[in-house]
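Below: a set of structures, written as structure tokens.
Paired with chain B in one complex and with chain C in the other, chain A is shared by the two complexes that follow.
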Partner chain A sequence: MAADYVEWLRREGRIVIVGASLAGLRAAETLRAEGFAGELTLIGDEPYEPYDRPPLSKSVLLGKASPHHTELPHRWETDAKWRLGVAAAGLDLTARRVRLADGDEVEFDRLLIATGVRARPWPKEEEARLEGVFLLRTREDAAALYRRLKAGPRRVFVIGAGFAGSEVASACRESGIPVTVAERAGAPLVGALGGVVGAVAADLQTENGVDLRTHVTVTALEGDSVGRVRAVHLSDETVVEADVVVVSLGSVRNTEWLTGSGLGAGPRGIACDAGCRAFDFRGIVTDDVFVAGDVARSPHALFGYQFLSLEHWGNAVAQAETAAHNMICHGAERRPHLWMPAFWSSMFGVNIKSVGVPPMGEQLMITQGSLAERRFVGVYGCKGRIVAAVTFDNARWLEFYQRQIERGAPFPVEYPTLDRRPEGRRPVDADFPDPSLPTHGPMVTLSGYSPADQQLVFHPARH
Partner chain B sequence: MPHASMTRRITDFANRADPYPVYEELRSTPVLHEEEGGPYIISSYYDIKALLHDPRVSSDAANLAAAGDDALASTEETGGLPPSFLRLDPPEHDRLRRIANSAFGPPHRPRRIDGLRGQMREIVTELIDAFGDAREIDVVDRFAYPFPVTVICRLLGVPREDEPRFRAWVDPLVATLDPETRRGTDADAATAAREARMQLGMYLSGLVEERAGEPRDDLLSDLVNSRGPDGSLTMMEVLSTAVLLLIAGHETTVNLITNGMLTLLRHPEILRRLREDPGLSVNIVEELLRYEPPVQLVPQRTCIADIEVRGVTIPKGSRIWLVLAAGNRDPERFEDPGRFDPDRGDIQHLGFGSGIHSCFGAPLARLETQIALSELARRLVDPRLVEDPPPYRPNAVLRGPRHLGIAFEGLR
Partner chain C sequence: MRLVVDLNKCQGYAQCAFLAPDVFAMHGEESLIYNPRAEEEQRERVARAVAACPVQAITADGPDGSGGPATGSAREASDGR
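Our next item is the complex of A and B:
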């Protein structure tokens, strides 16, 4: 009976994907590539074909790529109905219907939610509306910001020194524009990589002429008589004159449209199982609703089954492929989403990459290279295991550390490695502001190379 | 039954024309260690890839020497030059490679290689035109051999009138690269090689001196005048880097072109497609690097820590051989690995190595071979092999035919 349903679904079922960006497109392509012959509809509130976001804070701001030409390449014919420029406004799980903002309704047999996140706006609405205050998430955001940067602003003020904010600062400096960055923590990238690596990022910024202010928050944006931003007020009572402000305070998950639908969706995203099936608010897994990309929160076997939200490009692709696969196959053929978290960024001429989950790390060891030279591999450890690694201009070693994470290799790294410096002999506190403490207990490791033959191996708890 | 050791069979000349059955057998023991003090031989794709990215594996010539001799030990004469970055570990490797790269490719010299495209075409055209009325030629001597060395001359900035002299020094040097030949070489050849190395060194240092402070648009000028964040190169470092580019890029490219022509003549349908669509040369060259890689194995690595591979512990201090050509035909990684198929979806071969030592000259080698093969395909009328298999050089590491006789009906 269940088998028949899947056969029927593959042949003539209706699949709806909400969110027509990276995850949505890759899922659509995978569905077709794996033989889905039924009706496929993509609903997206942006009026464009799916486009790529990472260039928006990098090459686009430097004028090396046009914000209007970062379309994602299509890898497979999707043969889908595209409903672009209209948002999904509600979901009726019982009737299996998506309600659209224009009043239309679209029925589905299986649904994939890939609505991603949006930039967290400046909380004071009136100030946020001042001319010259920007967010950076969409193509329009990038186009508008680029236009202003090209016009040669007197000073750009970036609120928040995460990856996005730091990349904007880097683009400004590369274009010779004065820039101030304000960060609540002690250094840039602290939340993602900890204070030790953050200090390297701080040096990188100041050396490149960024006016970096740490341990401060922005208290107010001040406008002039015609509603243009002219200055930024800080918690240390200083005032910085700036005619462009980029608000880079992280993101908000696009889940409001699911309010009242009965799904377990909220400000932290939509929880799903390792097979990408959404949980309802009771914590019971649904059969016909799947989730992928930035909006998803799913348990990862290698990291203590913690629910991880990963706003990473590679995660969106891998999760979309897994979700699509699982949507149209029988139970036994389903795959878990086992993607190893990985992230890249580039700023001030340095290529930064990480694998694993650095914020889980309590300690850090510089196993290759040196912090002072800003070329290094840093390995994060937690409870005696390697849980993450980060490289600055040293990405070619990352694959090795990824394997170590998959194998649950021990931390600290006792064996010698090429280019180990005296500073790398002993672990140091990774210095995260708010260490999350994963639990003791059984552990799981990964074996095998290609996704098809990867296997989880369960190791019971040691006493 | 007594059985020749695998190590011996890899180097045995009798297996040179078709080493692949030996590699297949090798893969059934993916980590092979045959004798005390001998190398650990690695033959599966994923293990090789992993070890090429493993920070416990060293390329340093000093570590290698400490690990003792083996059948492929190639402690070649460096003629007093410091070790090149091929034989160094980070951080020295990285520094030298970065500086060399700033003279070779993006972001500093984005057009250096692509800018040679026109000259490469000309050289190829001249070489093919020179076949004249012949209806039978040796692809190696008449084409594959002279082409890369002429290109590297242009790249480095060797004046054209000096090219013949330059080649006269390079030839005996390349000949002694082969450990087999070196072992058997008579004293005269050895002296000739030493003499050639000295002459070449003196000639190159002359070129370098001319360029110090008076840069021209060539790679040597950029090497000697580099003043980036990594500092500058010493005179000796410039020379050892120039010699590295010369040596590392020579026989390898000769063999890729020759293996390419041989393989195409064995697959006439693909040769026909290439003639009609030169764009196919891109995929053909990638598949060749998988199917008939010019560097069959990398014998110059040592472990600086115990490393476990598939349950076998390779002790610290051991040498390892990474058999790229065996990994390239690993069925665990490639479907139908024994088939030459330029249409495969993902040709991620090990032909250029991987990791921090992955081939520095890859963009150049690719372009040279693409142009060489598509032009040969386009211009030769009805080409065929005179002899199959052709005679091979003794070298088991840089494997390729010594001659490749082909017959054809004329030139287009």
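Our next item is the complex of A and C:
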């Protein structure tokens, strides 16, 4: 009986977590905290205990923390077997085995996939190998970049003005390093927050001395005779000399290892139900495979049951906790993952925070403060409802707007708000780019539900 | 000791920056930057910052350094907020 199986699993089952970062760690802790007494194994491709990534682009680049010491505190004894420094390379759903890159195999009764994302590399491999070209995702990336920044480069060139790229530019300017930022869209952060708020981010950059180039793409990275990067060529035919290039083009989901496994996994992540159970390629939910964190794609009741991929720190924590809970309890006790999307960033001394799903918004109202002062609350609306809010140096109001989103409050915002300015009386177009055009990376990907979506077609690998 | 701040929760009250200024600092008016690896001699101050945070956003290792339910915020883990 199913009930007996869960009791057995809790007592002596084997749970394997693939991915030993924030989501993997928090899931392991939750399993133990909720009474899982069986065998727990965590598999991670990096040879380090779970560490926190947000500081890598902020306090680490400012020299306020060591790139080697952002390890996460443990909230509960995990009593786990750690297989670190070896990536998972394959999954056999029938035999319930994870194959490791070193050829080893690990058997499980239930599996949690939390393999996250990696930085999207510069597509031209030869150029990407030039000395001085950096990505920023891992602690090794951060250590290498920080070392170069400390040595005082002549100019840093950042490709892509999403949050990570903008944070790098901010750290450079704070350290007095000349920096150029190139962005395909019309302003920084447009994929995540739209053009109206993006324009504020653009002003922030230029006023802080960033050489911001928008509506351009990088066509080539030029190296010198000994293989060091020396210049960046742009689509407007200008050339910028730079000895450090930071490629900040968003991320790629780590799902390749699942190719051929039969799971509904692909470039958009791993589809799962609201209870974090993975779908197979037929769209049928699996019983023993769960997903959490950046790599998951799950339906959200507040946002029309669209499948959301949320590359957010808080999502990794909340989804890991829900997945772990659901892995070791009976159906009726399971919980849906209904976390309110939320993220933060800080750049040029301004604190940027958001709740909800801004890219879903068609219109924007500045309900408090003003764009010109860079202290405001912006509320995004879609089809007559509030779907998101963003604050610049106004974080304490966010919780109020979160409640508004949760109860499906009407948009435009009719009620009076503190510090409402004339500019905030009427909604304006939020000015998101055409979603069919590539951007460097909105941190939320709206996907699913399209009849044209062929992602779930399964092409078995030829052996 | 290892520590982490849930910056979704953080509202910039800056209590931690007063109580443990070598670990936490305000950056601009509202952003917090912090060192996730505090020196051992900071333990007392960090503990005070953890306790004083009005939104309970700070989690730090327990005294044995090996984890365990270390802070006030550790056990509200499961409601997902």
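Operating definition for what follows: the second predicted complex is superposed on the first by the 434 of 463 C-alpha atoms of A that agree within 3 Å, B and C clash if a C-alpha of one lies under 4 Å from a C-alpha of the other, contacts with A are read in each partner's own complex, and residues count from 1 in each chain.
Quick note on the criterion: a residue touches a chain if its C-beta (ideal position, glycine included) is under 8 Å from a C-beta of that chain, and two chains touch if they have at least 3 such contacts.
On a predicted model such as this, the values are computed, not experimentally measured, just so you know.
Asks: Quick check on the superposed pair: does A:V350 touch chain B, chain C, both, or neither? Answer first, second, both or neither.
Replies: second
Asks: Report for A:L418: first if it touches chain B alone, second if chain C alone, otherwise both or neither.
Replies: Touch status of A:L418: first partner only.
Asks: Once the structures are superposed on A, label A:T286 by its partner contacts, choosing first (chain B), second (chain C), both or neither.
Replies: In the superposition, A:T286 touches no partner, neither chain B nor chain C.
Asks: Which partner does A:S261 contact after superposing on A: first (chain B), second (chain C), both, neither?
Replies: neither
Asks: Return first, second, both or neither, reflecting whether A:Q368 touches chain B, chain C, both chains, or no partner chain.
Replies: In the superposition, A:Q368 contacts chain B only.
Asks: Which partner does A:R396 contact after superposing on A: first (chain B), second (chain C), both, neither?
Replies: Both partners, chain B and chain C.
Asks: Looking at A:P73, would you say it contacts chain B, chain C, both, or neither? Reply first, second, both or neither.
Replies: second
Asks: In the overlay, answer first, second, both or neither for which of chain B and chain C A:D52 touches.
Replies: A:D52 sits against chain C, while chain B stays out of touch.
Asks: Of the two partners chain B and chain C, which one touches more residues belonging to chain A?
Replies: C
Asks: Overlap the chain B and chain C contact sets on chain A and report the shared residues.
Replies: In chain A, positions 396 sit in both the chain B and chain C interfaces.
Asks: Show which residues of chain A lie in contact with chain B when the two form their complex.
Replies: 367-369, 373, 375, 377, 396-397, 399-400, 403, 415-419, 449
Asks: Can you check the complex and tell me which residues of chain A touch chain C?
Replies: 26, 29-30, 33-34, 52, 54-55, 58-59, 62, 64-66, 69-78, 313-314, 317-318, 321-322, 325, 335, 337-340, 342-344, 346, 348-351, 353, 393-396
Asks: Show me the residue ranges of chain B that touch chain A in the complex, using the header's touch definition.
Replies: Contacts found on chain B: 46, 49-50, 53-58, 89-91, 94, 304-306, 332, 355-356.
Asks: Looking at the complex, which residues from chain C come into contact with chain A?
Replies: Result: residues 1-4, 6-8, 10-12, 25, 27-31, 33-37, 59-61, 66-70, 74-75, 77-78, 80-81 of chain C touch chain A.
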